[in-house]
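Below are two complexes that have subunit A in common, paired first with subunit B and then with subunit C.
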Partner chain A sequence: MIMRQWLARPARALTGLWLFAVLAAAWWVTSAGSTSPFFPPLETILRRLYQLWFAGSAKQQLASSLAHFALGYAIAAVAGIGIGALLWSLRRVREATSPFVYFLYVLPTPVLVPAIMTIFGIGFAMKVVIIAFAAVWPTLLNTLDGMNGVDPVKLDSARVLGLSGPAMVRSVVLPAAGPQIVAGLRNSLQVSIILMVVSEIVASTGGIGYFILTAQQNFSFVDMWTGIIVLALIGTVLNLAFVLAEHWVLHWHYGARATEGKR
Partner chain B sequence: MSRVSRSQPPGRSGAAAGGTPAAGAPVVSLHSVRKAYRAGGSAERVALGEVTFDVGRGEFVCVVGPSGAGKTTLLRCMAGLAAPTSGEARFEGAPLRRVPDQVGVVFQDYSRSLYPWLTVSRNVALPLKVRGVDRAARAARIEEVLRSVSLADVGRQYPWQLSGGMQQRVAIARALACHPELLLMDEPFASVDAQTRFELEDLILALREEFSVTVVFVTHDIDEAIYLADRIVVLSASPGTVTEIVDVALPRPRDQITSKGDERFARHREHIMSLVMSRSAAARAARRD
Partner chain C sequence: MRVPAPAAPRLASVTSETLIRNGLAARLAVLLAALGLWQGLSASGLLTPDLFPSMTSTLAALWHELTGAVLWAAVRDTLAAWAAGLLIGGGCAIVIGSLLGLSAFAYRSAIPVIEFFKTIPVIAILPIALLLFGATLKMKFVLVAFGVFWPLAIQVIYGVRSIDPVSLDTAAVLQVRGLRRFLVVVLPSAAPFIATGLRVSAAVALILDVVAELIGGGSGVGLQILTAENSGPTAYPIMYSYILVAGLLGVVLAGGFALAERRVLHWHESQRSQA
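The block that comes next holds the complex of A and B.
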């Protein structure tokens, strides 16, 4: 019953695939027989994509990129929710740190890349730090905002039931702010993917961003296009996985909203 | 102090922090409780004037008054959710500093007080978990209270899948799960239709017997107050003070048709109505000046 509820939405989203199919077909038709080195035929790109990324060894590039992404995003998610909850609990600290938090939030992370490189070198740690640092803000601020917006009656009820301190945060505040926290996590996911590529373009000897950049610099435009398509596919798969997880975790939220609409 | 003598089942008293209260000692005792928001500042707003009354063990006390009289503020002070600006609120003899373990509260809006991410059973389980009741005892208690509110079969559903009346029953079950000494209810039936309201009124009278719990019930509905209460505390318009405490002379068990048809019911209603109306009219006149 619930299983079907949280599968229904992603399933509906898939019906939007027709536009995607039309555009892909249009690309295929218009690029067929193209002799431009910059816009090779889609057929050529897809053949090369299979050679490189499925049959070939380019998928090793992917493994290192995804490892950076997974660790960076995980740190951002845990730190964002954790620090957000901590700041919510400690009103004084929150008020004291709020200007600083927003100061860091508006700072575009790519400008910090040179500084982070200086400190962490150009290896694994640097990329993870860049991703985590950029992706922590949407989750942190949404957690804080969501927790500030929890219905006071829910908090009164919690106190009446005997909850306080960490138990109250875990059992009431966190789930009540859940929908907004998840919205923050989703933003952080996007930021993580972007910074995964940026960190590899700026300074790297591997990874999918590095692959796309070197292909372009070597005039291997077909290879470059395969990298872009693979990246788009990865982004799509990650987003889809996120939506599935979201509907599983927040099934109560969507269920309650749906019944509210009926009344 | 208690005006209604009712024998206590064994093992129900003496659980209070600070020792066993003397027999007949009030469960709640309010002494000159006054609550002002932004106290001391130029924007001070007095929500509750000086209120003094006691609630005896086993009593059913209703608080009525015009809107804005500070009924909810009074209830929050009795629950330990809000500290009085001056005066003192005591629970079983001890000054209230936090919500005591032996107090259950039912809020007006069940859609806000119940947790939509928990099933009905888990909502009811929450206060039991906090108090360290083990799994088997928890399951038994959940079944017991849900059966008491006639919701034996909905444990696995979510609150938002139920009707309004059923949701408020869940909130009542959750408040009773730990067998509180005192049940505080803040206009609990204001958001349900009239038919459901009568059912819930009878339910709460039955539960009061079953759990032998002291009840303080805030309402703006005078008929409801007379039907339910042993005593009615009538508050004046803002800022609320006690206008009169009315003893309800209606026999128990009460019944929606005969009790409300009783001539004493009509007399009480006329009396309380005139108290509330004249007071709020006077307050309006005072505000105009």
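The block that comes next holds the complex of A and C.
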């Protein structure tokens, strides 16, 4: 939403950016003469950031992290929508399994990291499993909830018009449940990023979470700060990519809402 | 009146009603079948104790912990950081979000910055919190408060922005100003947005809380799970019983928030259809 406004109205972009500039400048100035080992000058951090992450080899840490994330999140998204849709169509199964699903949804999933480690070891599989297993629930439940919320009249009309099976899902159920499914996918994205880092910090020999933790334990605080900034940028870029994809997929939805919203 | 455009409160809210409806007998049957299957897999040797403990040993461990003092101390430590973080982070978000929401310029300037901070994975802050406070309750609290603040602030700002201008004009005509305007006009209008934000924040807070325990070593349920994992297969039943406890905490807190939301906001149209 915000991105679109920025793009459409360049004048507003200024209002959106001045505070960033002021905050960054404030950080630069206040940290300039800092002798505290915990809070090194921003200039030092940025120089090191360039050395490590652009000129240097720290990029490779990023590649393995993002590979875990991408695979885990993709599995969670497909499984979440698929199982959610399946449970929606099988009412009895849904009712019988709902306590389990709800329990796993509200369970703070990072607590499963030690358990999954004991089963899958500490390799690639463990990280992908952790991310996928934790991130599947928001998508699954929002898919289920969104599909449950489809206007029954629409379903009946579609049935009268002779729609059934995949055609019904494509033309009636998905458009109606779409916005909520996307909201679920967005929650899942956040969970995936968290679990990506947690899994690396708890048990790993690589990845950005591991990088930040070892830097902190070796008292190389400048390196730690560069890792934190890179992680922050990754989070922002992934979310931005999601927002753009969301607008591309749901443009009809926002279009309809925008016309409704005009008073 | 509909609740207007950005971040409509009903979106992404998974209501427990969708899940908890009739069919109690079927559910009990499924639960018993699952427990039986679990025990069967262990007894047949498909699940070995060094991978996954048997159902009876896990439940026995859970019972043993429930009657001991360690579990309750861990639950207390987890809840303390959760509540303090939610209270302080949430309080700041409501006050600052409301102030920012009332001015168009402040709102446009602040939203991108807040959106940016919201997308920073909060675990990135964990090493700094660990440096400053060590593995303490304070470290957990800071992490939770930081994680709660940004998403809730956004909800509050959108809530305040969505106030019907007529209400504000009416308040101006009736000379309702300052704190009274905030309490009587602004807060009630934004309440559904704030409630949604709080419900989401409460879940996020619990996740960050256990992460701070698992990684940062702050005392609580998360640390107990890690300790049990490190003590090897004999302690796995204890690990799984603490995982169950973490899930039950999630159930209680989520249920509590859903209930409170319905009680407090019963007058609002977003809740009326459920009556």
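Operating definition for what follows: the second predicted complex is superposed on the first by the 245 of 263 C-alpha atoms of A that agree within 3 Å, B and C clash if a C-alpha of one lies under 4 Å from a C-alpha of the other, contacts with A are read in each partner's own complex, and residues count from 1 in each chain.
By our rule, a residue touches a chain if its C-beta (ideal position, glycine included) is under 8 Å from a C-beta of that chain, and two chains touch if they have at least 3 such contacts.
Values in this document were obtained by computation on a predicted structure and should not be read as measured data.
S.K.: After aligning the two structures on subunit A, examine subunit B and subunit C and state clash or fit.
M.R.: Superposition result for subunit B and subunit C: fit.
S.K.: Just checking: does A:P40 make contact with subunit B only, subunit C only, both, or neither of them? Give me first, second, both or neither.
M.R.: neither
S.K.: Name the contact category of A:D156: first (subunit B only), second (subunit C only), both, or neither.
M.R.: first
S.K.: Tell me which partner A:V172 touches in the superposition: subunit B (first), subunit C (second), both or neither.
M.R.: first
S.K.: Once both structures are overlaid, what angle do subunit B and subunit C make about subunit A, taking C-alpha centres and a multiple of 10 degrees?
M.R.: 90
S.K.: Now for A:W252: first (subunit B), second (subunit C), both, or neither, which partner does it touch?
M.R.: In the superposition, A:W252 touches subunit B alone.
S.K.: After the superposition on A, what does A:L141 contact: first (subunit B), second (subunit C), both or neither?
M.R.: So A:L141 only meets subunit C here.
S.K.: For A:G206, using the defined touch cut-off, is the partner it touches subunit B, subunit C, both, or neither? Pick first, second, both or neither.
M.R.: neither
S.K.: Of the two partners subunit B and subunit C, which one touches more residues belonging to subunit A?
M.R.: The partner with more contacted residues on subunit A is C.
S.K.: Considering only C-alpha atoms, give the closest distance between subunit B and subunit C in the superposition, rounded to the nearest Å.
M.R.: In the combined three-chain model, subunit B comes within 16 Å of subunit C at the C-alpha level.
S.K.: Considering each complex separately, which residues of subunit A are in contact with subunit B in the first and with subunit C in the second?
M.R.: 260.
S.K.: Where on subunit C is subunit A touching in the complex?
M.R.: 2, 4-6, 11-16, 18-23, 26-27, 29-31, 34, 50-52, 105, 108-113, 115-116, 119-125, 127-128, 130-132, 203, 206-207, 209-211, 214-215, 221-222, 225-226, 228-229, 233, 236, 239-240, 242-243, 246-247, 249-251, 253-254
S.K.: Would you mind writing out the residues of subunit B in touch with subunit A in their complex?
M.R.: Listed in rising order, the residues of subunit B that touch subunit A are 76, 79, 81, 98-99, 101, 103-105, 107, 109, 112-117, 126-127, 130-131, 158, 160-161, 174-175, 178.
S.K.: Where on subunit A does subunit C make contact in their complex?
M.R.: Touching subunit C: residues 1-2, 6, 12, 15-20, 23, 38, 92, 95-115, 117-119, 138, 141-142, 144-145, 148, 179-180, 183-184, 186-187, 193-194, 197-198, 201-202, 209, 212-213, 215-216, 221, 224, 227-228, 231-232, 234-236, 238-240, 257-258, 260-261 of subunit A.
S.K.: Sort out for me which residues of subunit A touch subunit B in the complex.
M.R.: 151, 153-154, 156-157, 159-163, 167, 171-172, 175-176, 178, 252-253, 255-256, 259-260
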